[in-house]
Amino acid sequence: MKLFPIRGGIHPDYRKELTSEKPIVALPLPRLLYLPVQQHMGAPANITVQPGDQVKKGQVLAKGQGAVSAPIHAPTSGRIAEIANITAPHPSGLPQNTIILEPDGKDEWGDLPEPLADPFAATPQQIKDRVAGAGIVGMGGAAFPSAVKLGLGGSHKLEILLLNGAECEPYLTCDDRVMREYADQVVDGARIMAHALGTPRIVIAIERNKPQSLELIKKAAAAFANIDVADVPVQYPMGAERHLTQAVTGRETPARKLTADIGVVVHNVATARAVHQAVRFGRPLISRIVTVSGNAVREPKNIEVPLGTKVAELIDFCGGLAETPRRIISGGPMMGQPLPDLDVPVVKGTSGILALTAGEVNERPVQPCIRCGSCVSICPCGLVPVEMAAVIRHENMDAAVAWGVMDCVSCGSCSYICPSHIPLAQYFNYAKGRLNEQDRERRKRDLVKRLVEERAARLEKAAKAKREAAAARAAAQAAQAATAEANRVNP
Amino acid sequence: MKSRTMIHAVVLGTFCLGFGIVLAGTDLLTNDEIKLRAVEDLQASLVQVIPPVIHDNNPAKDVITVKDEAGKDVTVYRATRGGKVTGIAYEIIGNGYAGEIHLILGVDAEGKILGVRATEHHETPGLGDKINPAKTDWILRFTGLSLGAPPVEKWKVKKDGGQFDQFSGATITPRGVVGAVRGGLQFFAAHKAQLLEIN
Amino acid sequence: MQELILLVVGTALVNNVVLARFLGLCSFMGVTTKIDTAVGLGMATTFVMTVSSMIAWGVETFLLVPHDLAYLRTVTFILVIAAVVQFTESVVRKVSPSLFRTLGIYLPLITTNCAVLGIPLLNVHDKFNFIQSMLNGFGAALGFSMILAIFAGLRERLALAAVPRLFMGPPIGFITASLLALAFMGFSGIHTN
Amino acid sequence: MKILVDKSAPFTHAPTSVQKTMATVLLALVPATLFNATLFGWPAVFMFLITLGSCLGAEAICLSWSNKPVLPTLFDGSAALTGWLLAMSLPPWAPWWIGVLGAVFAIFLAKQVFGGLGQNPFNPAMVGRVALLISFPVQMTAFIAPRPLFSSTAPGFIESLGITFAGRVDFDSISAASALGYVKTELSRGIPVSQSVPHLPDLMDIALGMHPGSFGETSALLILAGGLFLLARRVISWHIPTAVIGTLFVMGALFNAINPDRFTGGVFQVISGATFLGAFFIATDYVTSPVSKRGQLVYGCGIGLMTWIIRSFAGYPEGMAFAVLLMNALTPLIDHHIRPRPFGRTRKGEPLPLARGEK
Amino acid sequence: MANNYRQIVKDGLWENNGVLCQMLGMCPTMAMTTSATNGLGMGLATAFVMATSNLLIAALRGFITQEVRIPVYILIIASMVTLVDLSINAYMHELYKVLGLFIPLIVSNCLPLGRAEVFASREPVLPSFLDGLFMGIGFTLSLTAIGACREIVGSGTLFADASLLLGHSFKFLETRVLPADTGILMAVLPPGGFLFTGLLLVGKRILDIRAGKPIVLAGAHSV
Amino acid sequence: MLLAVGSLTVMGAALGTVLGVAARFFAVEGNPLEAEILSLLPGSQCGQCGFVGCGQAAAALARGDAKVTLCPPGGKAVAEKLAKKVGVRVDLSEAEDRGPMVAYINEDLCIGCLRCMQECSTDAIVGAPKQMHTVVSEVCHACAKCFKICPTEAVEMRPIAVTISSWHWQKPGALQAPPQVH
């Protein structure tokens, strides 16, 4: 199939061999499960259980609220031990509202929705509801509620469902393993999603460094004429939505638009498998495949983990730490989040847990920028990181926006390549945070302005009413007095 | 409003009137002096290239104009003694490193150089300004030479195969001066009769 | 034709008003902290310089020379310039308040931009005719604007650099200008006449 | 267990560093330097060492003045590279104080006052060279013909010390013009290029270095080899060198075809002077060149054009150094106006129209 | 009031020095400082023009309307310059030969107009006169200092030709600091002008820091 | 002589006329700056700047009679924007930025006097007579009027707490010179 080049990008040391040949193994049920109410983009879910409640596997613990949200289900049967603020798997180390479930070891399924016998006979809305009810969110990293994306068919003219099996991050092999071990489920999930979206064509894009996946998926898809398998070049960040779309279709998504606007919807391969499970068997998203890797881990593995398991238990399951890691990361080394603590739970978006040694991280003291331009040549978004970082260093956010900081996808390629070891991506993360903050402040200021004006108008009206009333009263009094006078005068 | 507009005209006009009077007055007072100074300046530079002993007139006042080959008017100051022209001086221009070098050349009736001086130039201090006699005696060495001695083809800087020294590191200035002087002498040779003729 | 082009190029590059003739330095140092402002001032100066070169030629040819009033040259030229500048100021103030705000305090300074007076005086010195005067004024202004833009670019870059405190601000500006002048020395020795 | 969360992703890094980059460039210069050292003998070696040492010394002094760590910064290699390239651009037999003053100009005036590595808008080595050139035109244009080490014409070690440190050399008798200088001088006395060029050593000799010139501008071929090495190691990209050499060649060839008596040819322009040194090692200085590839092309073409103009019309025979500085001055403007096209946007920065995306 | 006058003197000479702080009058500062003598001469002529024009402007400002104030100020300055030019030419011709070319350029020097706008158009006559005078003297001192540095480094002399400007009794000023032909030519060429002005600013900054004053990062042009 | 004086006078008068006419024709009314400044101010009319509301503050700024750092609710961000608009340079690096704050009513001290409710410019306080009042933090803009008026000092001004959704990465440690004054 014809592919198109994408601009920039890097070729990091992939180190996938640590886990690529490790089949998925299931984690024994841990003693406690910690389920934060927000494991996805959008509004946090609303807790529907009380401490002390007995719950069954797959039972809803928290309902999604609003248009963009996702429910949380019990990964196993047991008792709600507590609802508490627990450190989130987030670099801030801030606490988050979390349901703590104590498994009873029976692992009893609760009532699941009826399986859809023939998904292709169902309406897109039915599939979408099913996916929403199963709490499925994007497994590719962003954890965006998948049902929202499946509803795009209504508003957009879609042509291609692009299944993202690029897995361009170093170390991670969870998608690779899913494709190798559950190729049929992935393909089936993709077909169901395509049906829901109304896209005539499906393309499954896999980087060339995963030959077995390519082969197995090709085999699984061979029966379906509308599925193409694309072997995309090994180039980070090939997996980024817009870039993958460009590589496969040659079309460039306009800034501030969705890929759906050019007819493409991108879903991760693991998301497709989750959809398959939800639609065919009514099973909600209660576990996921996590790659545990890095040289500081004794036995790197791919593990099927019940959501809510603490990271520390995953690492113990992998034989513990061989040495003190320099960094512990959730996700890949390029875009993942550093974890403040091992006592944080695995959530729907956790694709990997990496314990990296100092040697793998290769941190060095920051030196002044020598304007080598490497960051400019490799930025897949065509930005000029060196200038953006310079203006951000001087707190000039307007200039940063003019240089395009909001177009940055935080892929980290620029930081990776910089010979002076300047943490460029962090400058951009900082700037985006600041800009969002300013935006919030601005919105609040506007709101305040409106409220002040409203209040002023109200007060004015009240004052006017008061004046009028006073005048009326005075008039009435005067009239009364006059009549009284008249009465007195002529009794 | 009309008058507000015109008042600016009146103000500016009045100031111009006032200061115009001041300036015109000053000019009136200084005009003659300044003219006198200009003549003195001319004499001062002429005296460097025409020795006073060879004339009994005031060369600054004995002026003729001659057209050169290019059709340009050349102002020539003549020194006479006993009614005969004993020397003449005129301006020549050479191309230096930083633009034109204005020189004044004094020649006696036989075409021998009485003296050369730069009157205006923009050559680099420390390099090209060595043509200033206060810095080196280079420019004084022209005195006494003529078109035949040395021969025409030796009227070049040494670097170009002639006989004149260049300054170390600055060839362009000397080349310009030597070329200009050679041209000046050729002008004399070409117009000798006209230049020496007393009418 | 070729001569006229050479004239413009020569005054713009080789005898650059700022770096070689040392004219207009106050604006050069003052209005070059931002590229946009520098370009704005450059355009304003270009207009004033070209127009005043032309008018000054007229004053010289039709007033000063025929009546032997050379001593009034400075006064009359500067009057012409001052008027052109102030006229421009009024217009800019009306037409583009934002441009006026950025250039406001500099517009009067164009009057005292030595280059604006210097160029008409040089035109007289070099005995230029009308077309030559106009082009010389235009070329000089072009060179001026160009240097202003270049220098503003450099200074925007310096504003982001880690300049030691002792040199921050004007001193580093002068040192940068010095290096810029050093670079422009490369054009010296080009004879355009 | 508390773990570091002081930094956001990425948590892996390419095996690149400033030191490695600089070391590669220095390595690329070694062959040409060794060759030229043997070509011009002990005085050239002294000059080279003095210049290099002075640059390192000047850098160390500045660093300690500004309370920065001296040793780590000194060993980032940039001062050594500046010194090395400055030495390559000086006349081989230049007296000791030329090297010292050049280092002062380059390091103090062009680099450290701006805040050190990465902050300087102008190429330090070229500032050093140009400041020397305009300050000491005599010494800076005193070239000699090659006198290979240990050959009969070469001065001995002691004699060389005298040449470098006591100025015991009579340049008027031994100095020779560089190829470009010779052509320029001849032209200025009215001898057309077509007659002066045949007097020069043939192009192959010039390319090999068998002619008078700066310490590093001779032996164009070894410099070229070093440049290709840098290209292969991806320290530099092809854009700047190609643009410089290409423009210079085109201008030379074009005007030579129009008026062979006035202008030298394209090949001559490229082989003579410091074209290769400039194109591969000097114009490519990261700090002072544009960061975008298109910007680099414009910058390179600018250098080629300026070099040609200065060589052909201005007072100086060699224009590379000036051209580099002139384009350095334009670099911020180039960076300001020539940016890569952001993904999903037009060059003007507007989002791409949907229609085009759909196509 | 005495305090006020002292401030005027201090401002002019140091604290708000035209060249070092306001950075006005840069053109003569660059162009006329190839030697200390040139700097001194230019400075003195400027000081005279500034003092007289400030005086006149302060005295006449009641008659000047807002819209034409700049032309009028300039007219006054230009008239003073022409006056100086003509008189020196007529009565001090030796001096004129040294300064002659530079004098008309005083007109377009930003400093006199700057002072007219900032000071003389607001303050009484005597302070205005003093302001002009001391600003002018401060200007002279800066120019002489820059000229001296450039001359020493560039040509190895100091106050060369001073006797032409100041008369024969000042011949003693003319000194040779370095042996002939050892100067660094760059100092007297255009780059040197900028460089030495920059270095002088650094020098002033060092002195200010020693005196415990904060560093002022902006010049007159930044509000 | 006469010619000199005459021509100069005529020139002066002519130019004076041109300028006078220009000044009239191109006269600008009002100060457009003021409106632009007003649009930058928070508009909460809180009076902390010492002026009677933002309008007067804007007018003073446009005249140059007030500092760009005048508005406490606006904080550093507004000061920066103002500085840019009126074209001055301020050193904000040392200007303290309290960060965003909200009012918080201490339950134990509140006597339900209604005063703060009446004072609040954005109706951010809800409550009933003799009952505990609370602040709706989404619309409180920290004007501190309630803080000043509360008779029992029940109102506290607290910094807004960081949450996971408002948290963002810090700027990498100061590597090079501290932020410059511009």
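Going by the order they are written in, the chains are A, B, C, D, E and F; count residues from 1 in each one.
Basically, a contact is a pair of C-beta atoms (placed from the backbone, for glycine too) under 8 Å apart; a residue touches a chain by one contact, two chains touch by 3 or more.
This one's a predicted model, so the numbers in the text were calculated from it and none came from an experiment.
Peer 1: Report the chain whose mean Cα position is at the greatest distance from that of chain B.
Peer 2: The most distant chain relative to chain B turns out to be A.
Peer 1: Using the touch rule stated at the top, which two chains are linked by the largest number of C-beta contacts?
Peer 2: Here the largest contact count links A-D.
Peer 1: Which chain has its C-alpha centroid at the greatest distance from the C-alpha centroid of chain C?
Peer 2: The chain lying farthest from chain C is A.
Peer 1: List the centre-to-centre spacing of chain A and chain C in whole Å, with centres computed as mean CA coordinates.
Peer 2: Centres of chain A and chain C (C-alpha means) sit 57 Å apart.
Peer 1: So how far apart, in whole Å, are chain B and chain C when each is placed at the average of its C-alpha atoms?
Peer 2: Here the centre of chain C sits 32 Å away from the centre of chain B.
Peer 1: In angstrom, rounded to a whole number, how far apart do the mean CA points of chain B and chain F lie?
Peer 2: Inter-chain centre distance comes to 70 Å.
Peer 1: Express in whole angstrom the distance between the two chain centres, defined as the mean CA positions of chain A and chain B.
Peer 2: Taking the mean C-alpha position of each chain, the two centres sit 86 Å apart.
Peer 1: List, in ascending order, every residue of chain A touching at least 2 other chains.
Peer 2: Only 91, 368, 393-394, 423, 426, 429 qualify.
Peer 1: Multi-chain contacts in chain D: which residues touch at least two other chains?
Peer 2: 7-8, 109, 115-116, 119, 131, 134, 137, 315
Peer 1: If a residue has to touch 2 or more other chains to count, which residues of chain C qualify?
Peer 2: Only 33, 71-72, 75, 79, 82-83, 86, 159, 162-163, 165, 167-168, 172, 175, 178-179, 182, 184-185, 188-189 qualify.
Peer 1: Taking the touch rule as given, give the residues of chain C at its contact with chain A in the complex, in rising order.
Peer 2: Within the complex, chain C contacts chain A at residues 159-160, 162.
Peer 1: Looking at the complex, which residues from chain B come into contact with chain C?
Peer 2: Against chain C, the touching part of chain B is residues 16, 19-20, 23, 27, 95, 97-98.
Peer 1: Of all residues in chain E, which touch chain D in the complex?
Peer 2: For this pair, the touching residues of chain E are 184-187, 189, 191, 195.
Peer 1: If you look only at chain C, which of its residues touch chain D in the complex?
Peer 2: Touch list, chain C to chain D: 35, 149-150, 153-154, 156-158, 161-164, 167, 172, 175-176, 178-180, 182-190.
Peer 1: Help me check something: in the complex, which residues belonging to chain A touch chain C?
Peer 2: Listed in rising order, the residues are 368, 390-391, 393-394.
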